[in-house]
Each structure stands twice: as C-alpha cells, then as structure tokens.
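Each chain gets a letter, A, B, C and D, in the order it is written, and its residues are counted from 1.
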Amino acid sequence: MQLNRDELLRAYRDMCLIRQFEERVHAEFATGDIPGFVHLYAGEEASAVGVCMDLTERDTIASTHRGHGHCIAKGCDVDGMMAEIYGRKSGLCGGKGGSMHIADLDRGMLGANGIVGGGAPLACGAALSAKTLKTGAVAVAFGGDGASNQGTTAEAMNLASVWRLPVIFVLEDNGYAESTASAWSVGGDPVKRAEGFGIPATRVDGHDFFAVHEAAREAVARARAGEGPSFLHLKLARYFGHFEGDGMTYRAPDEVARLRAEKDCLKLFRRKVSEAGLLEGAALDAIEGEVATLIEGAVRRAKADAMPEPADLLTDVYVSY
Amino acid sequence: MQLNRDELLRAYRDMCLIRQFEERVHAEFATGDIPGFVHLYAGEEASAVGVCMDLTERDTIASTHRGHGHCIAKGCDVDGMMAEIYGRKSGLCGGKGGSMHIADLDRGMLGANGIVGGGAPLACGAALSAKTLKTGAVAVAFGGDGASNQGTTAEAMNLASVWRLPVIFVLEDNGYAESTASAWSVGGDPVKRAEGFGIPATRVDGHDFFAVHEAAREAVARARAGEGPSFLHLKLARYFGHFEGDGMTYRAPDEVARLRAEKDCLKLFRRKVSEAGLLEGAALDAIEGEVATLIEGAVRRAKADAMPEPADLLTDVYVSY
Amino acid sequence: MAKKSFRQAVNEALSQEMARDPRVIVMGEDVAGGLGAPGEDDAWGGPLGVTKGLMKQFGRERVLDTPITESGFIGAAAGAALTGLRPVADLMFVDFMGVCFDQIFNQAAKFKYMFGGKARTPLVIRTMYGGGFRAASQHSQCLYPLFTHIPGLKVAIPSSPYEAKGLLIQAIRDDDPVIFFEHKMLYDIEEEVPDEPYTLPFGEANLTREGDDVTIVAFGRMVMLANEAADRLAGEGIACTVIDPRTTSPLDIETILEEVRATGRLVVVDEAHPRCNMATDISAQIAERAFEALRAPIRMVVPPHTPVPFSPALEDIYLPSVAKIVDAVRAVMAGGRKAA
Amino acid sequence: MAKKSFRQAVNEALSQEMARDPRVIVMGEDVAGGLGAPGEDDAWGGPLGVTKGLMKQFGRERVLDTPITESGFIGAAAGAALTGLRPVADLMFVDFMGVCFDQIFNQAAKFKYMFGGKARTPLVIRTMYGGGFRAASQHSQCLYPLFTHIPGLKVAIPSSPYEAKGLLIQAIRDDDPVIFFEHKMLYDIEEEVPDEPYTLPFGEANLTREGDDVTIVAFGRMVMLANEAADRLAGEGIACTVIDPRTTSPLDIETILEEVRATGRLVVVDEAHPRCNMATDISAQIAERAFEALRAPIRMVVPPHTPVPFSPALEDIYLPSVAKIVDAVRAVMAGGRKAA
C-alpha cells in the first residue's frame, strides 16, 4: 500500500462523494424533478477512484453513459454536475448535455457518452495527442461489459496496440448490460481478447479500491514510460437499475442487498484501512458528513438555479459559421 | 488424405480455373478494356478451394473485394463472372455489380463485398437462417488480415460465439492490406483473438490445399454438429498488386517470384498428389488445357456480349415500390 | 376493436406476424431481456417494453437477444433476410445508426441492385426516434432523411397506433428492407385498433383533415401536432388539409401534388434537422412540379440547425409545435398571389 | 504560379499546413504506405497517390498509417482534435462512412454543443466521392447530403484545383469539424494554383459564370459540367450565372437568393442521390424565400433513385451530364411566368 494519509482520505472522500451523489440523484429522480435518462454508478466507486487516483488534470478519461462516478473521480465540480443533471444554465454543459454528456475538458474529462463503445476511440485520440505533443499524459477509456462487445472497442484496442499509445482500457464488468448478463453476452474472456490484440491485461476485483489502484498504477506507469496500452478487467456491481426506472426484475431478489452487505467497496475500504491502522473511523465519518453537506448544497443550488435562456438554444453549435 | 480421385481432380481444376481466370483478367485489364477496381486472387487458390471443398450449394459464403476465387470455388459460372467484370448484361449481376459485387445466391455465394469487414455479419445471418430453419447448412466468412482489424469482424465473432452459430471465419492473411504489412497492422495474434471470443481457432499453411481442407473439414463438421463457430488463420500470399494498377513497390523486388517458385499452391498440390501416387501428371495437364479453353471462351464471349440497356438502369432497386 | 396504445399496436403486429409466418424473427438488445441473469426471463421487452411478451410466446429461438453489437446483429439480420428468414431487428434508438449504417445502406439496401435483381431482402429495422423525452443530443434525433436518401431502402413513419399496426405488418410482409420509425413520445397514445391483422399500403398518403385553404404535410408525431393546429385554425376560419404520407420512401408525391393544386398553399412540418430533410424534399418536388399552382411561398416548420438540447427549457423551444405550425399557416394565408 | 493538378493542390495544401503548424497531422489507411513491408516506404500516398511524399517530409509521427479500422482512427482523430492536435483524417472513400459515422456525427459534430460550448474540434476528414470511375455501388456515392444534414459539421466540396487548395487550408485552420469532399474524377484536372498558401472562405459562394437568364447552382465536379453547359447555352443566346457554393454547410444561401432574384430562374445540379439532397435543400430554401422572384419552376438535375451501377453503359446515363443541364436550362427558359 503506497498511498499516504492524504491520498487515502481523498480516495475515501471521492468514493463517498460518488455514492452520496448517486443515492441522492436516485431519490430526487423519483420525485420527477430530474428529466431524461439517468444511469447511476453507485457500487462501482472503487473503479473510478482507483483508476483516476494517479492521474493528473493533464491526463484524460473518456467515460460512458454511466459517467457520474468518472466525473467526480476526475475532479469535476459537483455543483456543476448536479445543475447539469437538472438542465440548468449553471450546469457544467450549460444544461445542453445532461447526465449522459457531462464533460469538463479542463479536468481532462472528455465526456460521458450516450453511445456504448463510443469512448474508446476518443481515448486513443487523446493518447495520440499526448504522444505526438510529448506531454507525458495518459488517457483512460472506461467501458462496460456490454461495450466490450462493440466493434469500436476492438478497433481501439488494436489501434492502441500497433500505435503503442499511452492508453488504458478499463472494462467495468458489472455483470449486466441493461438486463442482459455479461456471463451470456461476453463470449470467451476479455483478458484473453486484450492479449489477442497484444495488450498486457489483468483481471482485478473491482470492489477493492486497493487492487484497482495497484493495477491502474502499473498501467499508468507503463503508459508514461512509452510502453503502450494496458487493459484492466474489473469485476464489480451496480446497485441501482440500468437506468432510473428499471425494475431490475432480471436480478435475484436479494442480489443487491447481498452485494451491499458483502461486497461494498466503501465498507471494504474502511475495513482495510482500519485493519492496517491507516485511518481511524472518526476521520472517515467526518468525510461522510462533509460530503453530505456538499451534496445537499448541490441539490439545493441546482433546484434554485435558472434554466437556460431561449437564446442559448442557438449558440455553441460551431466556433464560427 | 480423405479425398477420392474425382474430388482431387475437382480441387485441382478449381484451383487452376481461379489461377487462369486471374492471370487472364490481369492481362486483359492491362489492355484497358476492363473498367473499375479489380482485385485478383491469384496465389490464394488453396484457401477458397480447400475451404469450399466440403460445402454444398445449401451452404453459403460471404466474400470480399478479392472475390473471384471464392466465386469459382463456390461454383459460380465462369462466363457469367467474366461478363460481369466486363460490365455486360449477360454478367452474373447483369453488369450492375462488377468485380467487387459478384454474387450468385443460387450457389450460396452471398456476394463479393466492397466494404472491408462487411461480410462477417452477413455470414452470421446466413448461419442464423440455417440454425433457425434447421437446414443443417454452414456459412463461411472470408476476410483478409486487414479486415481482421475491422470492428465488424470482432462483433461477428462474438455474436457467433454467444449464439453458437454454424459459421466459419476464414482469415486469409496474405501479408498485406493494400501496401501495409499485416506484421505491422495486426496487433497480437488472430488465433488468440478468436480464442478470446471463445471460438476454437487454428493456424494453417494457406499454400497447402490439404492442410486447409483438413482444417475446414473439421470446422464444417463442428458447425454441422451444432457445436458453433470456428476460426482459421491461413497464411498465404497474393501474386498481383492490391488492385490492378498497384506497382507493388512496397514488396521486396523478388518477393513474388520467390513465392511463385517456392510456395505456389498449385505446384505444392501437384507435388503432393504425385508423391502420394494419387494423380498422374497427364491428368493434371489435361485439366490445365480444359481450363484454358474455358477461360478463352469466357473472355471471347464477354467481349462480344451486349452492354445493359438504358432501361436496366432503373430496375432491380426494389421488389416493389 | 378496442383502444390500444401505440406500444400495444406494435407489439400486436409483431405477435400476429410471428404467429402467421415462422420465418419472422425478432432480434435486438434486450428485446426479451434477462438472458443469463438470475431473475425474471423476458425482463425487459426493450427499454420501453414494446416487445415484452413475445419471447414467452415464441421462445428464444425466434426472439433473440443480442450483445451490444449493432453492426454484428443488424448485418446478421440482413444476411438472414437474404437467406430465408424475415427478421425484424431492433435498432433501439435511431441515433445508434452510426455504428451500423454500413450494413444497412451499403449491404441490405444494395443487394438487389448490385446482384442484378436476384436478391430479396425482407428485413425490417424498428427504431425509436424523436425529441421530447429529455434524452439529449444522442438519443433524440430523427434521422429518417438519411435513410430516405438511400435508394433501396423503404422508410415508414407511423403517426398513430392504428397506423403503426398496419404499417408494421406491411413492413414485415414487404420484400424490401424497411426502416420503421417509432416516435418514443407516441407509445402511450391510444386509439381504436382492430384486433385482426391488417396492412396499410406503402406510398399511399393518408388525409387526416380536409380543407380548402392550406395543405399541411407532416410525419410521425408531427401529424398529431398538425391535426391540432388544423383544429385550432378551423376556429379562425382557415380550413386545412393534413397529409400524413406514412412512408417517406416511397413517397406519395401525387397526393401531395393534388392537394397543393387544390389549396395552392403548402406547409411542411418536419421534426428532423432542417438541412436536406423531408421538408426540403417535399418543398423541392412541389416547387418543381406544382409551381404554377402555388399561391404563396412554401413554408417549412422545422427545428433550428442545432443538436437536440437536453434542458427541457431548450428542448421545448427547439421542437416544432402546434403554435409554430399555426403561425406558418397564417403566414402562407397572409402572403402570396391570388388563385389562378 | 503554375498549373497544378487537383491532386497536387491537395497535397500542397497539406504539406504547407503541416509545415506551418506542428499540430497538424495526417492519418489514414496507407496515407504513406509500406509500413512493416520489405519494399519502398511511402509506397502509396493513398490509393490515388494524393498524400504521397508527406511522410518523407514530416515523418511517420505526423503521417500516420492506420489499420483498417475507420471507427477507431476517425474516432481517434476526433479525440486528438479535442485535446490539442489538428488531425486531417483520410476516410478514403466516403462510401465507407457507414462503419464510422457515429464518431463523426454523434461525437465530433456534437462535442461543442453537448459540452456547453467548451470544446473545439479542429478535425478535417478528407474523403473521395462521386461517380464516373466505374467503381460501382459501394465506391461511387456522394453522400454529402448526409453530412450536411448534421448540425455541428461543416461540409466543403471543392470544384477545381484552385478551390481545393484554398478550401483545404481553410478547413485545416478552421476550429470546427469539416468533411472535405474530393471528387475522384477531378484529381487529374489542372489549373493555375498559387504556390503560396491561401484560404477560401467557407459559406461564400463563387460565381464562375455570370448571366441574366438562368441561375445554375452546382457542387464539386458538377460545377465543371455546369460551366460547360453555360458555355454551350451562351451559343444559343441563353446567359447563365453559375454558382459554386463551395460549402454546403455553411451554405451561402444569400448569394443564391440574390442571383435568383436577378434571373428569376433556377437549376440545381446535384450528383447525390435525389431524395433529401442538396438540390432539394436549395430548391426548398429558394421556394420559401424567393418565391415571388421565381418566373419558372425550379429544376433539379439529379441521378435517378438507384444505387450507382457498375457498367459504363449504365453509369454514363446515370450521372448528370452537360446535356441534361442544358436541357433543364432550356426547360426553365421555355416555361414560366413573365418578369415581375
């Protein structure tokens, strides 16, 4: 374990922030105030935070439809995110994008993506920029088990392999694509596939922040050293439906309850740091409290913030036209 | 070696037919009479003929831009092919398709394809028809080393894997996609990729008809038995340019001459059957003579045949409109 | 006959055609759902439940869930159509066409022509389109002009439950590839729909209102808005003919010509992006062929040339509306020349 | 200044912009060629040799050959554009857009809007289009209407070597994604092209002929045909204005309006499939905005609604031709109303 106290606190804070953000959006969505399709990341926090831990603002990530966690882990402003989800002018995208398109280029967050598999080629492009401009930056492509079957993912892996791009493919295998189990939809083995493209690949327990971080750290180091792409297959779980409104009848009745009880990444983190005597419970509790205040504020502000104006409809299509 | 005399004669005849067809189209193209893009298959005959040997008319193949060999191996009429290449009304597609779109659905030849990687999903569809309608038929998707990097290929492999389709993916790795070497463009190993999708895969010497046929026979048997897809990686070589007009400066100066001398599939076939005492040289020579007559007739007829009429422009767009 | 929702009408069409013809199969992501999962089988029936129940009726051999691999399975549907099946493939949102368009426009659409007429490709691709769902730029587009552009494709856009059932059954029985557009805001709309199977012909427009002053042409959900506008305008003494062409390819331009010759005034309502869309297509054809009959400029009611915005505040003003249609009709009534 | 071919003009634009700005890179299948192969490096320069020599000048780090993986590398170009490079990606034939359209129309085109204005995506996609090459249905399409339809994209269609160089340099310096269409039958056409770099503005039409009787609008290779038709018609005493809009998005509709107001007659020549194409787009805009000025129906000279046939005998009659343009102009001169 190579993280210092501050880093550990930051990791826990970010994971809590994601969790509470998502639990709250879930609750708010139920009131009918939040428009559109919303896909929540709760349960998968160790992935976003573990992977982004060693990234700087110069490094980039390409995210998915289930992007809130990646945004937070990459440092996006939580008020701006919440306002965006509510469609407010103060949102990170001025209300034009919504949950599925949150981006913050200044933080290296290249966007959630409504197209499954859409992000992997983009991450290759960011990696190409880094390589060509010799910035030393690394790019990460997050994608789900469903996305792993999309042709774009395969193409991006081969491209990264032959171009030796500083890119990391993170397969967040939460067991489902919509209602379809990855056990059925993913033929063979993602790790073998990646190796088939000539990419070093490992499988990691995605509930375990430390395991994720360790694997990501190696991959980041490999990328920074100019040794090309890496692939991580994280096994993890989502707690809510595919999108808000999904009844989740395809899951076992007690499945989520059991996951929350036995596999929860926050609980696991707490157990590990306390067993290792690294952080005391009070510090972690304090973080949870701070985070709650933050989220409360974000929701309050988002609800109060103004909607975009009619004139906003026509701007931002082109730089010039 | 499980083929009887008639089968061996047929195999040699088909390989000769392809070779002479292509050598002749090469020569005719140089005269300027043949319009459009033409990609020749000469050198790769053992693949088409070896793979199609155990297929019947019920079985289907999806081909590529380099499709003449697949057409002949699947039983397409050589006159109709030649006329099509010349854009004549008597062509297999009435002159509307040309070299890149020759098809003959009655023979299970689902079409050459101008889109690299376009055929693999179509072959999955034909395999799905066979499976759903319980015809016992098998589908083959031919594709090049270049096509192996296309997302459609990966998608089709996964689909075939999870649907357990009776389909065989044949990667004709002739070392180049246009002027780019497969040694560069194909990251990792195609056999491992296929295995990564859960598909049994083997690498075969694509110059050796018998090796190809043996591997294909197993794959066909597996498909007919309902055991799902297979993958064959054939290493072979093309003798002409990527398309007619390609100067091939990217190849070593003596590369093709050496291949013709040392690796030629027809020579190898002759050597093997004569060493094994299966066919005598005279029988093979006779075939070459017959084939030459056939090709001569095809070219003569194609040149003499009528062009499509103006009214043909507007037909065959829809069944009804 | 009973009131049925658009969703039910589509489901019924599928179910009846599957019962009628064993070659009809349905495939797509989660068209049944729950595959390989521990809970309910047939858990989804598509994200909005349109195909729910088909799997229980016809089994997984004819209602096939797919991996997320649109090129793969849409291409497979095209290949299956070429070899004896009559697949109905579900492209979920038409916005996803960009990952599989090749299999549609270079493969399925062109088989027949490229192969000299020998192929038939009885393929239906069902897909959701349109705005109002707050689904943002990548889940709200119309894009039927892109498919209408392509020779070899047919394009149907039902405007109501009755239309949906009849047009879908026609699409399934049709021997050409058909892209079938379902507006996601229509699924809960109800009307009387016959229980028995019936077809509505492609290339024959439907007149939902008749009036002497102005001809309005609209597609899909816009027909509803056009009818509402016509009702409102009737109160002002302006009598509108509303034409629902039902299919954009083939397009019943003859009926539109005839009506425009009668009214001399045309408004075209199109929810698609404004450039090279159906509004321009129809305007141009009319301007070429019924020029002398036109008494006022043709008006197009279309969204601005921007992606679909997420925020309800923006999406509401982005979309064509009853008020915009009413304004356009008033404008063509106000301007223009006398009757010939 | 020297005579240069369209091919040379494109090559020179790329070379000069790469020299000027280290962020400009070129990528695509065999844009150099010979990678990993035993023979000549830079063996191809694309299938028609347009990018030949760039790799020798700028090295493989800036002239990147790619595997056959259009979604992968076009998407990578979009991602690179978002993060500091100015990629010129080569889509070889526009017919291949179907395997990578998503990265173009849902990603690159929408970044700026979806992200609330914060992105810029200085991406150029060069691509060959058009018929006459006997390249059949999957290598002869135009398809620029599909890109013109999409908000967020710009679309340029140079009609000559001079236009090609100036428009390509503009495209590369432009901060929005541009799809740059090169007609494969134009590559060997020559004209005077300045040696130094210059830009031609987007959204500003070019008048290649001026005359009082009829306005002809044409795109790309069709401009050449329209000019020829105008020359031929001049012999009959019919004076044509020929407008080359240069870009379809943005479109300089104002210039077209102005000219149509002057001549009262419009012929639009479009090599693209006839439905929802640029001919309909322009006709519709003119019919809406210059209706009163029109003295005759607008005529569209377009191919029939069929895929592009292979046989020269069919392709020759499929394509718009000088004769067809001449006929259309004669027809609009014959019919119609008196001047207002």
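Everything that follows uses one rule, which is that a residue touches a chain if its C-beta (ideal position, glycine included) is under 8 Å from a C-beta of that chain, and two chains touch if they have at least 3 such contacts.
Computed from a predicted structure; not experimentally measured.
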Go through the assembly and pull out the chains touching chain B as well as chain D.
A, C
Where the CA atoms of chain A average out and where those of chain B average out, how many Å apart are those spots?
45
Intercentroid distance (Cα basis), chain D paired with chain A, Å
40
Which integer distance in Å separates the CA centroid of chain A from that of chain C?
36
Numbers and ranges of chain B residues touching at least 2 other chains
91, 93, 95-97, 101, 113-115, 149-152, 155, 158, 162, 184-187, 317
Residues of chain D that touch at least two other chains are 67, 69, 71-72, 95-96, 98-99, 102-103, 106, 113-114, 136-138, 151-152, 305-307, 309
Does the chain-touch network form a line, ring, star, complete graph or other?
complete
For a test of understanding, state which residues of chain A touch chain D in their complex under the given definition.
60, 62, 91-97, 101, 103-106, 110-111, 113-115, 118, 120-126, 128-130, 132-133, 135, 139, 151-152, 155-156, 158-159, 162-163, 315-321
Residue ranges of chain D touching chain B (in the complex, touch as defined):
29-30, 33-41, 43-44, 47, 65, 67-69, 71-72, 95-96, 98-99, 133-139, 304-307, 309-314, 317-318
Residue positions on chain D within touch of chain C in the complex are 71, 95-106, 109-110, 113-114, 136-138, 143, 145-146, 148-152, 248-249, 251, 272-273, 275-281, 283-289, 291-292, 294, 296-300, 305-307, 309, 336
Applying the document's contact rule, which stretches of chain A touch chain B when the two form their complex?
149-155, 157-158, 161-162, 184-199
Any idea which chain B residues touch chain D in the complex?
35-37, 87-89, 91, 93, 95-98, 100-101, 113-117, 146-147, 149-152, 176-187, 243, 247-253, 255, 307-308, 310, 312-314, 317
